[in-house]
Structures are given as C-alpha cells and as structure tokens.
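Right, one structure below, let's go through it.
In this document, chain identifiers A, B, C, D and E correspond to the written order of the chains, with residue numbering beginning at 1 in each.
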Amino acid sequence: MFTGMIRPLATSKTLAYVGGLALLVGCYSLLPIWLEYSRYHDAINTPSQFHGVLSFVLGLLLVFRTNTAYSRWWEARILWGGLVNACRNLGIKLTSSDGLTDETRSRALQLIVAFPVALRCHLREEIDDETRESLELLVGRAKHIPQAIAAQLYQIVWDAKRSGRIDGDELRVLDAELLRLMDICGGCERILKTRIVKSYRVFARQCVGIFLVSLPWAIVHDFRIWTLFITIITAYFMLGLETVAEHVETPFGYDEDDLDLESLCATIDTTVHETFSHHVPA
Amino acid sequence: MFTGMIRPLATSKTLAYVGGLALLVGCYSLLPIWLEYSRYHDAINTPSQFHGVLSFVLGLLLVFRTNTAYSRWWEARILWGGLVNACRNLGIKLTSSDGLTDETRSRALQLIVAFPVALRCHLREEIDDETRESLELLVGRAKHIPQAIAAQLYQIVWDAKRSGRIDGDELRVLDAELLRLMDICGGCERILKTRIVKSYRVFARQCVGIFLVSLPWAIVHDFRIWTLFITIITAYFMLGLETVAEHVETPFGYDEDDLDLESLCATIDTTVHETFSHHVPA
Amino acid sequence: MFTGMIRPLATSKTLAYVGGLALLVGCYSLLPIWLEYSRYHDAINTPSQFHGVLSFVLGLLLVFRTNTAYSRWWEARILWGGLVNACRNLGIKLTSSDGLTDETRSRALQLIVAFPVALRCHLREEIDDETRESLELLVGRAKHIPQAIAAQLYQIVWDAKRSGRIDGDELRVLDAELLRLMDICGGCERILKTRIVKSYRVFARQCVGIFLVSLPWAIVHDFRIWTLFITIITAYFMLGLETVAEHVETPFGYDEDDLDLESLCATIDTTVHETFSHHVPA
Amino acid sequence: MFTGMIRPLATSKTLAYVGGLALLVGCYSLLPIWLEYSRYHDAINTPSQFHGVLSFVLGLLLVFRTNTAYSRWWEARILWGGLVNACRNLGIKLTSSDGLTDETRSRALQLIVAFPVALRCHLREEIDDETRESLELLVGRAKHIPQAIAAQLYQIVWDAKRSGRIDGDELRVLDAELLRLMDICGGCERILKTRIVKSYRVFARQCVGIFLVSLPWAIVHDFRIWTLFITIITAYFMLGLETVAEHVETPFGYDEDDLDLESLCATIDTTVHETFSHHVPA
Amino acid sequence: MFTGMIRPLATSKTLAYVGGLALLVGCYSLLPIWLEYSRYHDAINTPSQFHGVLSFVLGLLLVFRTNTAYSRWWEARILWGGLVNACRNLGIKLTSSDGLTDETRSRALQLIVAFPVALRCHLREEIDDETRESLELLVGRAKHIPQAIAAQLYQIVWDAKRSGRIDGDELRVLDAELLRLMDICGGCERILKTRIVKSYRVFARQCVGIFLVSLPWAIVHDFRIWTLFITIITAYFMLGLETVAEHVETPFGYDEDDLDLESLCATIDTTVHETFSHHVPA
C-alpha cells in the first residue's frame, strides 16, 4: 500500500512531472505566506470564500474531462481488442476452409499479421525503415497502408470466390471479419483526429489556472504556514487530473498511460501464427 | 500551459464573445459595488446565502446540459466516422468484385464521393451553385439529394444482380454498406432536427440569468471590491458553458467547436479515390 | 438571450403552469413572513440547517429523475428516427428491385406510409374517424393495426418469393428492414407501458413537497422579506424539473416537450413518396 | 399532486413498510431528545459536524446503488420487450411462410405462446400445477423448460428445412428470431443469478445504518424537538432508497416495483394469437 | 437488516481485512488524541477546514474508480452470460441439424463443454493436472487452449460443409455462434490484461492515504475523543471502496466479489448436456 503511494512519484514520468509542477506552485505560494508573516500582512484582504463558485465549476469540468478522456481511451482499447479477435477469427476461418491454395493462405497470414503493425504506424504517423520496407514488399507503395492491406485481403477472398474455390456463404463468413478490420481502422482514426470539444478543454485549463493562482492568497490568513502544504497537494491533484486526461485522451502515443500497441501487435502475431501452425498440413 | 490559457481568448471567436459578455456582467456589478462604498451601503441587505439553493439547481442543469450536448456532438462524429468507413468499404468491395463494368464502376465512384458532400449541404441547408450543378449533373433534380444518390447506388447494384454479373451473396455484402449510408443520413437528420427538450434549455438559461443578476448584490457586503473579479470570472464560466453547449448541441454548423465537415468530406474523397486507383486495371 | 429567458413563461403552457404553481407556493410563504414581522416572531424556531439532509436526497432524486426521463425521451426519438430510416430503405429497396408488380408495389407504398400513422394512433390510443377508415380500407379491421400492416407487408414479400419473382437473398435484404418496423413498434410500446419505477417517482414528489413546505419556515428568520423571492424561485425550478420530467417520461403525448409525431409522419410520407416517384417507370 | 404524495403511503406495501421502519427510527430518536430536555443534557457532546464525511460516502453509495439497480431493472424490461418482439415476429413469419403444415404451425403457435410462461416460472422458480401439466403435455418432462421449448421450435424449423418445405434463406430468417428467444432467456438468468457486487451492498447498508443511529445524537443539541421530524424524514428516504434498490435489483419477483410478468405474458399471448388468426386460411 | 450489517464483518474475508486496516488507522489516530488531552495540546494547530479541497478531489476519484471497476465487472459477467448462451445455442443447433454423425456430434459436445473450463484456466493462468490432461486428450498440446478448441469446432463444421452434410446456410447459422466463442474469449482477455489507467489508480490511492493520515490531526481540536470513532469509520469506508474496487476491477480471480466461474462452467455443462440428452436418438 505504502510503496503503491510513494514509488510512482519516482518511477512514473508523468507523475514526477506533475509533482514537479506542484512544487513550482508551492514556491509561488511562498509569496503570500511571506507577506502574511511580514508586517504587510494586512495588505492581503482576499475573502476566504473566494473559491466557492470556482470549485463548483472546476468540479463539473474535471469530472467531465476525466470521464470523456477515459471513455475515449477505453473505446480505443475495445477497438484494438476487436482487432485481436478479428485477426484470430480470420486465421481460424482461413485455415478451416480449404478454399485457398497453400501459397495464398501463407500470403494471407502475412497480410493479417502486417495489418496491426501498419495500423500502429499509421496512427502514430511514424514508421521505422525496416517496417516500411517489409510493408512495401507486401503491398507496394501506398499512402494509407492499412487500407491497402485490407484491399489485398479482399482481393484474395473475392479471387477465390470467382475461381469457385469458396462459395458465396464462405465469402460472407470471411467478409464479416474483413469488414471489421477497416471499421476498427476507421474507429481509431476518429479517436485520433477528433479530440473533445476544444472550448471545454480551454475552460478546464483556465479554471485550474485561476484556481491555483488565487488559492494561496485566499487561504493564507486562515491557514498560515499550512498554506504551503495545501497548495502543493491541491496543485498536485488538479494538475495531475488535467495532465493525465490530456494523455489519456490521445491513447495512441508513447505516454505511460497510453495503450501498449507494441504488445498488442505481438499478441496478434503470436495468436495468428499459432492458428496457422495447428492446421496447415505439414 | 500559459498560452493555452490566455491565447484562446484572442484566437477563439466563441471565447472572445463569452469574455465580452462576462465583462458586461462585470460592469453591471459596479452598481452594487458603488452602492456598497457610498453612504447608502446599508440599503443592500440581501442575505449572502441567497445562492445556496440556486447553485444546487444550476449545477444539476449545467451538468445535464453539458453531458447531453457533448454526447450529441460525439454521436454526430461517430456517424460521420461511420460514413468514412462505409464509403471506404464500398470502394474496396466494388473494386474487388468484378461484377461491374468499368463505366458503372467509375459512376459508382462518383456517387460514393458525392454522397458526403450532398449530406453536408443537406444538413446545413445551403449549397453553393457549383456543387449544386455537379450534383444535379449526377442525379438530376431531387429534393433530398443524399437519398437520390443512395437510390442510384442501389439501382446500380440491383441492376448488376439482375443481369447476373453479381450473385445474391455479393448483393448482400454490398447491401450491408449501402444500408449504412442512409442510416447515417437518418441519424444526422435526427440530431439536426431534434434538439434537447426545450424546457430544460429554458430552465438552464433562466437559472444562469437569475444567478448572475443576483450574485453581486449577495456577495458585495463580504467581498467589497473583489465582487468585481468574482462576478466576471463566474459569469465567464457560466455563460461559457451555456454558450458552448448551445454550439455543441448543433454540431453541423460553422461554429469553431462544430464538426469539420469539409475536412471529413476531403478525407473520404482521398481515401475512396485511393481505393479505386489501386485496383482498376490500367 | 433576454427574450429567451422571459418569453417562454408566456408562450410555453408548461412553464406558465409551473410559474403559476410557484406563485401559489409564494403565497403560502407569506404566512411565515407575516408571522416573522408580527409580534409572534419568536414562535418560529425551526432550525435553519433543516434542509441539509433533505437537499442532499432531493439532489440525488432530481438528477436520477431528469436523466432517466430524458434518456427515455431520447430513446423514443431514436426509435422514430429508425422508423424514418426503415421506411426510406424499404422504399429504395422495393423500387430498385423489380420483384414486385406495379400493383403490389403501389400497395406496398401505401402500407409503408400508413405504418407510422397507425403506430402514432396506436401509441396515443386515439384515432380520428378519417384515419381509421383509410386504415381499415387498407388492412381490414384489426386490434393491433401496426402489426396487421407489417403482416401484410411480409405477406407481399413472401408471396413474391414463393412466386419466384424475388430470390432468397432479396427476401433477406427486405426482411432486415421489415423486422425493424415491428421492433420499433415493440420498443415504443415498452416505453409507453412501463414508466420508471413507481416508488422512485413517489419519493421524488414527496421530497419536493416536503422541501417546499418547510423551506420558508426554515429561512424566514435569516432572510425575512427575501424569503418570498427565494421560495418562488426555488419552487419554480423544483416543480419545473419534476413536471417536465413527468412530461418527458411519456414522450408520445401532446405536451410541448413531447415528440412531434405528426411532423415525423409527414417526413416519412414525403421521403417515401419521393423514393417511389424517382423510380417507377412512367 | 397532493394525493400523489400521501396516498402511496397507504396503497403501496413497500412505502408503508418503509414508513413503518422510519417511525421506529423516530421512536429511537426520542431517547436523545428526552436526554436533551432532561437535566443530563450536558452528557450529549457529540460534535454536530459528525456527519460531514459520512454523508459524503453515503451519497456516493446511494447514487451508485440506485443507478445500478435501476439499470438492471430496465435491462430486464428491455429483454422482456425483446421477447414480445421476437414472439410476434416469429408469429408473423411463420404465418407468412407456407413452409409449415397446418398441424405443425398450430403446434409452433402453442410453443411460442408457452415460452414466456415457462420463462416466467423458470425465473421465479415456482410453478402452479396447472401450468406445469400443460407445459409437460407440450414438451415432456424437462429440467430447463424454456430451453426444451426452444429446442422443439428449432426441431420444427430444421425438420421443415430437411423436408424441403422451407429453403436455406427462410431457415436463416427464422433462425434470427429463434436465437433471440434463448438469448433473452440467458440474459434474464444473468440478471437473476448475479446481483451487484456483494461488498458494495453491505457498505451501503452499513453506511445507512451508522448514519441513522448517530444522526439524532449529533443534531439534538441544535434542533431539539425538531430532531424527531428530521430523523423520521431522513430515515424514510434513506431506508426507502435502500429498500427500493433491493427490490428493483431483482426485478422478477412479486414486489410492487417488479416487472409485471403476468401482463407481459398475456400481451404476448394476445398478439401472437392475433397474428395467426389473421392469416391461417379458414 | 441488522445481521446484514454486522455479520459480513465476520464472514467476509474482504470486509474483515478492511475492518482490520481501519482499526490500525484508528490506533494511529490515538496519537493526536493523546496529544490533544496532554499539556502539549496547543501544539496541534492544523486548520480544521484542511480537508475541504481534498475531499472534493477524493469524491471525484472514488466515484470514477467505483464506476469504472463495476462496469468492467459487469461487462465480464455479460461476456460469461453470453458464453452460456453461445454454448447452449450451439448445443441446440447441433442436435437439431443432422449434418453431423453421432461420433462427431458427441465430440462436438465434449469440445463445447470443455471451452468454458479451458477459458477459466486460461484467464486465471493456472490449471490443475487433471483438467490439463483431459484438455490435452481433447485437443493436444497447445499454448492457447480455448483457441485450439474453437479451431477444432470450426474444423468439424467446415468438414461437414465440405462433405456436403450441411449446406452453406447451416454453416452460417453455426458460424454465428462459433464466432461468439472467440469474441467472448477476446473480450475477457481485454479485461484481464488492461486495467484502468494506472495514473488514476495511483491518484486514488495517494488521495485516500493523505486524507486518512491528515484527518485525525485536523479534527481532533473539535471532536476530541470522538476523533477515534470518526477516523475508524471514515477509514473503513474509504479503504473499503478502494480495496473492493481493486478486487472488482480484476473479476476473474478468487476474491469473494469475483465472478463465480466454477458455477458458471457447471451451469454450461448441465445445460449443454441436457440439450443433447433430449435429442440424440437412443
């Protein structure tokens, strides 16, 4: 319990950053504290109920911000979980069916496994050279690589249909999964490109800012030296909720709280390969 | 962080407007402040807990208003995200299949790409002459252009079915996507035509109004000159939440926080064209 | 903004009614005010924190009530939006297919357009003579007219199937939409027949009642003449939220905040007729 | 309005029971009140802010409890609404199709109508002799009667398929509805067998208990004789919310707020019979 | 009611553990109490409103934590409820169809019944020797046993299709259920592997910690000896909500509040066997 409370401040970059910011706000609060203990202490006449209305609005905004950010993050996780399912099901179905030649089946395997990798790079808008090359080898140059992969998979399936190796019902059974690949891609793009309403984000930030700037002045008369601790703790949680919401809202990046896309890609790779290994006749 | 708090007041029309309104409320609060500092200051005897019950109702209404407005906005975004998916899938499927002649396929491409443009104009109830002409060239005069486009797409697919170029299973695979086009159109029309229950909107507005009109009178005894700042800040956030909710609730307009329909149409255009470019034999 | 706050009190029957009730409560509050200013003013010794716990429970109940009522209303709207889609899609599909003779197609058109009208009358449990006659002409006497219409549509489609004019795939494409008609009807009946848990509604009403009856006695010592205004404003919002929730919870009636079923029926009529006009060969 | 507030205390068993409990708590509060008015009144030194933190936790728990209980209840209602739809659609489809002999069709009718009755008895784990006999006559002895009925319906449909009276597409159209029967049964079983997390229910009960036991001691100094009324009213609402949540959470029983399964079964019976009566040739 | 409040402290391991922790916090609170009653009692000058802002953040975090944890738990329950449905439907469909030989049908039965057991072991990452042996006998060695079982079921169905014993429509009807098996497996893996955003969990823990550490110092001046009881009760509920959320968030373990996977597996076993017993000809 104890280590669970203190250690993250050292091990988590996000929390260390927030902690640092909170200390800065704490330094700032030394100014009213110093004034309070100096002979000018009557100069501070901010009324102490100053924060009543503000904390009310702030609560509304922080709850809204946390909930919407988290539900975006969880939706993104559900989409990637659906990708695991779709790839696995495609694997199982393609190996159960014998509508594909060994050659096309192994090509399909490559395409399925490449899809999540391509989607990950697409969402992060960065790609290392090795991955790019292997993807280009697979589907040629394309601007929207996940789409190109899905199109190639469709091509394989409809070709098999046309040559009569699979019938209409098998086509539809496979189509149901192929469809999900692109729907998941579209869903991720939606989360990536549209953040929550900008004005709400600005309001939340402004409200936190005004709250923290005015807090020490309002409470220093009553709390004196304790103002320092209260300001730091308050700043830590307020800035923390704001910062984490900012990270969680864009779940495809490299922040600690972002989705671990690498490990999801690896999971898909393993699970799809295992599917094929079971069934392809030696 | 700092620029994120101050700059939007200059760059965002919505926030500048809200800021202006808040300053007006601030001017109004000068009246009780002037009275308080004058010799008539005993004339103000509003009890300071005046706002207890009101802020309680106000909180309820603002939370309700923000959440419903945002969930409408996000649903509209999901619908347009679904439109991207449906158009892209249609593109991939029509190019994978060879049930269409090159001519009809290229006509289908035009129709798919025209659908989001027509829907955008339909939702905004305005259309520039150039767009109108090109749409009329495509589907003739029609009152409900998106519907006319979808009907034409259906015509193409069922014609291909009747002439035996695609079979029943392919029909159903294509039907699944065509269906989504009109379901998305219907969903957007629902959001456009039905705003949240009118009485709730009136309550929210009245509650904000009464709150702000009475606020300075209730706190001026305790807060004196600080009343000015508190009134301005409170008005800024209250009017801001109300105004932004009003904008966000009708997400198809031209406000800053509205959906960027132009860029969504452009995305669909690009992505569908890329689909076709990959596959149509030269 | 200003007219948006005051005018609804004159133009909206609901709000005028609520305003009237609030004035009555205001009259009632004159009793403690008169006592307070009389020489018996020591007789009032209600403690002023009387409402602490009550307002806490009241908040919980009003939030719960508003949210559930609104989500029922919005679900009803979604169902009717789905009805627009289902009818329009049926129209497009029936005209794209040529599995129907001109005669049956025009009968199908009549049935589709009659369905929302019949559903509206069914949900309101009232029907004018003209509508009744035209519906009886169409489907004969039936207790559950929407069901009779859907059954006739099914009959048409399965007859076409049996006579070989449409094949199994077309049957299923049409079945998907026909199914929705009755599912929507069932969904509306669910909302109509099952209101929210009765005990919660009684609690909400009792809590508002006790709150308003005790409010002026508890605050009259502190607020004196202002008690009148506070009581009226509080009563206005409390009774308003309760009354509007009551209206919104049963969205198929004639209240101002109810769904505009007439205009939805008209929309469906127009849109379905347009579908047919485009395609039926002259 | 007035009768809506007072009468339920007499007519509703649940509310009368809660009212009785609240009076008991009121009796208990006479102890601190008697002490307060006795010469030992200095013995009570409970601080009056005692309930600050507790009411905070209590609010959280009651909101959580009310929302989860209600959403279970509403989900159960949706499931039974879906059952109405599924039975009705099955009826319409079976009569539109002529894949069944008159004999099997009338047997199917009996099975469809028996399903909700069997499910109701299954969920309540009680069955009167008459119902049991008629169900046993229909499907023989079975431990899970709804499942046996669904299996028999499947048998009928697949037999018709095997004998070539309906084709694959009609099989699938019927399968879509049959599937829903068992899915609804499974959904109801889920709600029946899994209540909300037990620890949360214990917390809620403990919190209400501690709150009510300590309330009169904490407020008797300030409120004196009014303590009695406040305690009774508070106990009424707290125990009421807790008791109603308990009832609503298990929506298949005989409590007033439970679903009216009898009338739902009757609705299904009527609606399905009407479907058949329209269509079966005399 | 009474036993429902006290007994769980003795019978529930979770609540006994939380109760023990709360007593520890109570012991800790003896320190400020002792100081308060000693002659050093002026040394404690913590301001009593210390917890205003903190309790505000704490409320936000506890509500968020409880809701997300519970909705994960309930989603997991829905997934396992869906598993009951999918297995039962598979059973009914496989016995209604006669596309399978008696031998393969009995093998399919074994596979269906083995699936939930394998999934349970997979989710808990532990497996007793007996279960492992029987599973290995069924599907051979495999890393991902549920996937291997699903793949074998697919193999059976597609083999039957290829040999012409079932046609395309029956394939699709069976595919719909088989698909659900792996989708449910994927959904459970998602819940298992991805806990809620780590930073939020750390914040919640830190906030509870700081709250409880500072609470007795802040209130001891006002509450004196009552500080002990208030601290214990507060600690009990705060730590309780935190601990239970931690348990509920990972619903596949052995905690009291976790899902009862054993009984769910047994239910599936019984229900599927009953399905087969009804129908397999003697």
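FYI, contacts are C-beta pairs under 8 Å (C-beta built on N, C-alpha and C of every residue); 3 or more make two chains touch, one makes a residue touch a chain.
Model, not experiment: these values are computed from the prediction.
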Cα superposition of subunit D on its sequence copy subunit E - rotation in ° rounded to nearest 5: 70
Whole-Å gap between the CA centroids of subunit A and subunit C: 38
Whole-Å gap between the CA centroids of subunit A and subunit E: 24
Contacts with two or more other chains, residues of subunit B listed in rising order: 63, 167-169, 172
Chains listed in ring sequence, where subunit B comes first and subunit C follows it: B, C, D, E, A
Residues of subunit E that touch subunit D when the two form their complex: 1, 4-5, 8, 12, 14-15, 55, 59, 62-63, 66-67, 70, 73, 77-78, 81-82, 84-85, 88-89, 92-93, 95-98, 167-170, 172-173, 176, 222-223, 226, 230, 233-234, 237-238, 240-241, 244, 247-248, 256-257, 259, 270-271, 274-275, 278-279
Sites on subunit D touched by subunit E in the complex: 46-47, 49-50, 53-54, 56-57, 60, 63-64, 68, 142-144, 147-148, 150-151, 154-155, 157-158, 162, 167-169, 171-172, 175, 179, 182-183, 186-187, 189-190, 194, 196-200, 202-203, 205-207, 209-210
